[in-house]
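Next, two complexes with chain A in common: one pairs it with chain B, the other with chain C.
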Partner chain A sequence: MLKLNKNIAISDTGYVFDPSIGESYTLNPIGLEIVELLKANKTDNEIKSIILERYDVDDATFERYYIDFTGMLKNYQLAKDE
Partner chain B sequence: MSRKPVTIAVTGLNNIDSPGPGIPVIRGLRESAFFEPRIVGLAYEKLEPGIFMHDLVDKTYMVPYPSEGSNALIERVLEIHRQEKIDVLIPNFDAELYAFMKSAEVLRKAGIATFLPTIAQFEERHKSNLPEYGERYGLDIPKSQAVGTLEELEKAVKEYDFPVMIKGKYYDAYIVQNLQQAQNYFFKISAKWGTPVIVQEYIIGTELNVTALGDGEGNTTGAVAMRKTYITDKGKAWGGITIDEPRLLDITNKVMQQTKWRGGMEIEMIKSNDKIYIIEINPRIPAWVYLAVGAGQNHPEALAKLALGMKVEPFESYEVGKMFVRYSYDMIVSIKELEKLTINGEL
Partner chain C sequence: MEKLKFERPFIKKITTGLPAKFGMKNRIEVVNNIDGLPVEELMNDYGSPVFVISERTLRQTISEARLAFSTRYPLVQFAWSYKTNYLDAVCRVFHQEGSWAEVVSIFEYKKALQNGVPGAQIIFNGPDKSAEDLELAINNNSLIHIDHFDELYMLAELSKKTQKKSKVAIRVNMDTGIYPQWDRFGFNYENGEAWEALNRILLNQHLDLVGLHTHIGTYITSPSAYRTAASKLANLVVEIRNKYNHAIQYIDMGGGFASQNTLRGSYLQGYDAAPSFDEYADAISSALINSAIRPDSLPLLILETGRALVDNAGYLLTSVLANKRLADGRRATIIDAGVNILFTSFWYDHTISPTRFDNDHTEETTIYGPLCMNIDCIRPAIVLPLLKKGDRLVVQRVGAYNMTQWLQFITMRPNIVLIDTHGKTHLIRKGETVETIKQQEQLPKHLE
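Entry: the complex of A and B
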């Protein structure tokens, strides 16, 4: 399960600040929505169900973008698998 | 409560693209709720911008470079003292520290307080001594060697994979990709700062810095960690942000505790694959210290209090995510001011 690092600050506007290194990032609205779900301790499958229900997107397309996005979160050390 | 009048002499007024810490130190002192400072600037060069910042510096005196002999420098400071009654002296250059440390007792007897490391503390953290320092205090330091000749340089760079760092003993650091570049920078640095020149293993990672203040008894009076967000071609921070990385403060506390460091210090570190290396320890307050002031720790004020023998409660926290953005600014100065400074040695 992917876990966001505890000290990461995320604003309502999608501005992300990693205080351990002073780096900041911006999320688009869907990115912010996914990060909020990760923050609420939702699993990958739960997040998938929620997004598929809310948006007009097929399973394969979602997974492709989700893997890419979560890979980026891990790469920037904002989240890690637990 | 009325503020305590105090006269503080400060060097490092060269607020240029590779700035000295003088002006940021003065800004911290000016913002003190405790002191009402009269600032006496001590300048080595006539065009140090701080000389002309009359809202920050009350009066400036020209002083001779320490390379002209530390006696000449100290004599000049004592001469200025007879006129200004300096209470505290805050030197801000690595290259002048030796003269002031050596003469700390002479200055004290004359009534000028300083808060400087001992010569032994100053010497052991030299770039050329850093590997032994790391070993002694259990700190991770990149491999490095001090070299004095081209033969030694060639031998040293061959021991590491390129790129490697070539550093001057006081200032300047360059990344080099081959032996020829290493030789070029060896000549350039040794001509400016003398030998030894330091060859250091290059660690890939994020550079993080801490500005800290040690009370000389093993306690950290203050420490603020920062990441440079904008770096000039000289490697200087033109922007930075305070960060929350407890390991940096742990390392700082360890250094302060074990070495009983007295005074200001900057620790430059690299975070690489979750390991933190110390790449340099500077024996003075850094030029970005005003960020610490802005984040809630007024290190210049605390340093002045320590120099005056006052008790200073350690700072316990600072605001994370506070940024500084440096800028350049043109002052218009009358030739009369330069004339006065040149003829009288004071302004």
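Entry: the complex of A and C
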């Protein structure tokens, strides 16, 4: 399961700060929503069903972009698989 | 409850201070129509990818160029450089605007004739003219620009045989202070070769020396190089007058003006780096007017401007096929147009515009074509809105050289559409089909 790093700060406008390396990031609204869900310890499947419920998107499309997005979170070392 | 519009989730690192390796931040310009016609509609009607040419822009650009020169010099003639874009529809727009034809092969020569250009208004350049080609050109009174001594002698012999004087000029190459110096074509000025060729022509009763030609290179951003070139040709005009009392009828300055595209790796954007027609016109006209040529015998000034006249009028409309991540996390976007149809992406950082930009989020990406090859990279680095499969992109300023240098590699070349000045579309080159390509092939019996 993908785990968000504990110490990162996330504002409700989508601004992310990683104090361990001093880098900051910005999220778009749906990116922020997903990060909030990860922070709340939702699993990939839970996140998927929440998003599919709210947004006009099909399963396969979402999955593709979700994998890409979480790949970037891992790449920036903001999250890791546990 | 109605569902929210989906956008792909996205995170971007915030960088402050120095510009990233992606260069200075560019404003993202949305292009959702061409001459008022929606991009989406054009692509629905003509497919993806598709080249679109604006007749309005073609006519506006040649008018601007004409105005810049004709307000500074009494006798000006443009000759359309066929190699830059030899679609008949494009050539005919330029011919309607008064341009002669400048060709570099018998293929282009015949195209010009078929476009109704009188033989005497075709300039025949290039190192590859066969005896047969030359005979045709002599008989049509075309302006033959001699490239090398072998051609000079062949032409003299043919003129003698046909009992018809050829109208000739020589192509002169020279040092104009720019690098690289194009010394492969024509006769060199500095080492006296040009003067030697001129003497042989003037002493030959079968050859009629009517002009002097140079083409100093392409995408020349310094007008002063043209000033130098025009002065050197003017010197030759005066020396010929002094020695032979022979008047040169025209000076042909070739092409080479920069278009507003950005050269790859250039710090400045093309529209900042490219001089205006006025600046080129100023350099050339003042060099001629201030030369020792007598004012009552100023030669006609011919210009073979190519890319600066047609680049702006061409667009390539393309679709996003896929998004990818490269191993190091960088974004890559694959579109349905490759370097085979966008040859100029090897040296330009083309402006690629989205057709919409719904929110403020952008990301850096690399744009690849669909060919299965490493070299198929359209833009190594560009900032664009978040793209999804099926999104449309508009590559701007692609009118020069792409529709002549394109390769039929792996796939087939797409439709080309002209938007006329009334906003009506015309298919001016049909997209190729498998049959188009197969038509040229033949199977040996034993493989049937």
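Rule of thumb we're sticking to: the second predicted complex is superposed on the first by the 82 of 82 C-alpha atoms of A that agree within 3 Å, B and C clash if a C-alpha of one lies under 4 Å from a C-alpha of the other, contacts with A are read in each partner's own complex, and residues count from 1 in each chain.
In this section, contacts are C-beta pairs under 8 Å (C-beta built on N, C-alpha and C of every residue); 3 or more make two chains touch, one makes a residue touch a chain.
What you see is a predicted model; the values in this text were computed from it and never measured.
Considered on the superposed chain A, chain B and chain C are sterically compatible, since they fit side by side.
By the touch criterion stated above, A:Asn7 is placed in contact with chain B alone, chain C being left untouched.
Set against each other, chain B and chain C differ in how many residues of chain A they touch, and the higher count belongs to C.
When the shared chain is aligned, chain B comes close enough to touch A:Ser20, but chain C does not. Angle at chain A between chain B and chain C, computed from CA centres in the superposed arrangement: 80 degrees, to the nearest 10.
Contacts of A:Arg54 after superposition on the shared chain: chain C is touched, whereas chain B is not.
For the pair chain B and chain C, the model built by superposing on chain A gives 6 Å as the shortest CA-CA distance. Overlaid on A, the two complexes show chain B and chain C touching the same residues of chain A, namely 23. Of all residues in chain C, those touching chain A in their complex are 3-14, 323, 325, 329, 359, 361, 386. The part of chain A that touches chain C in the complex is made up of residues 16, 23-31, 33-35, 54-57, 61-62, 65-66, 68-69, 71-73, 75-76, 78. Taken in their complex, chain B has these residues touching chain A: 206, 208, 226-227, 229, 240-245, 271, 320-321. The touching residues of chain A, counted against chain B in their complex, run 7, 9, 17, 19-23.
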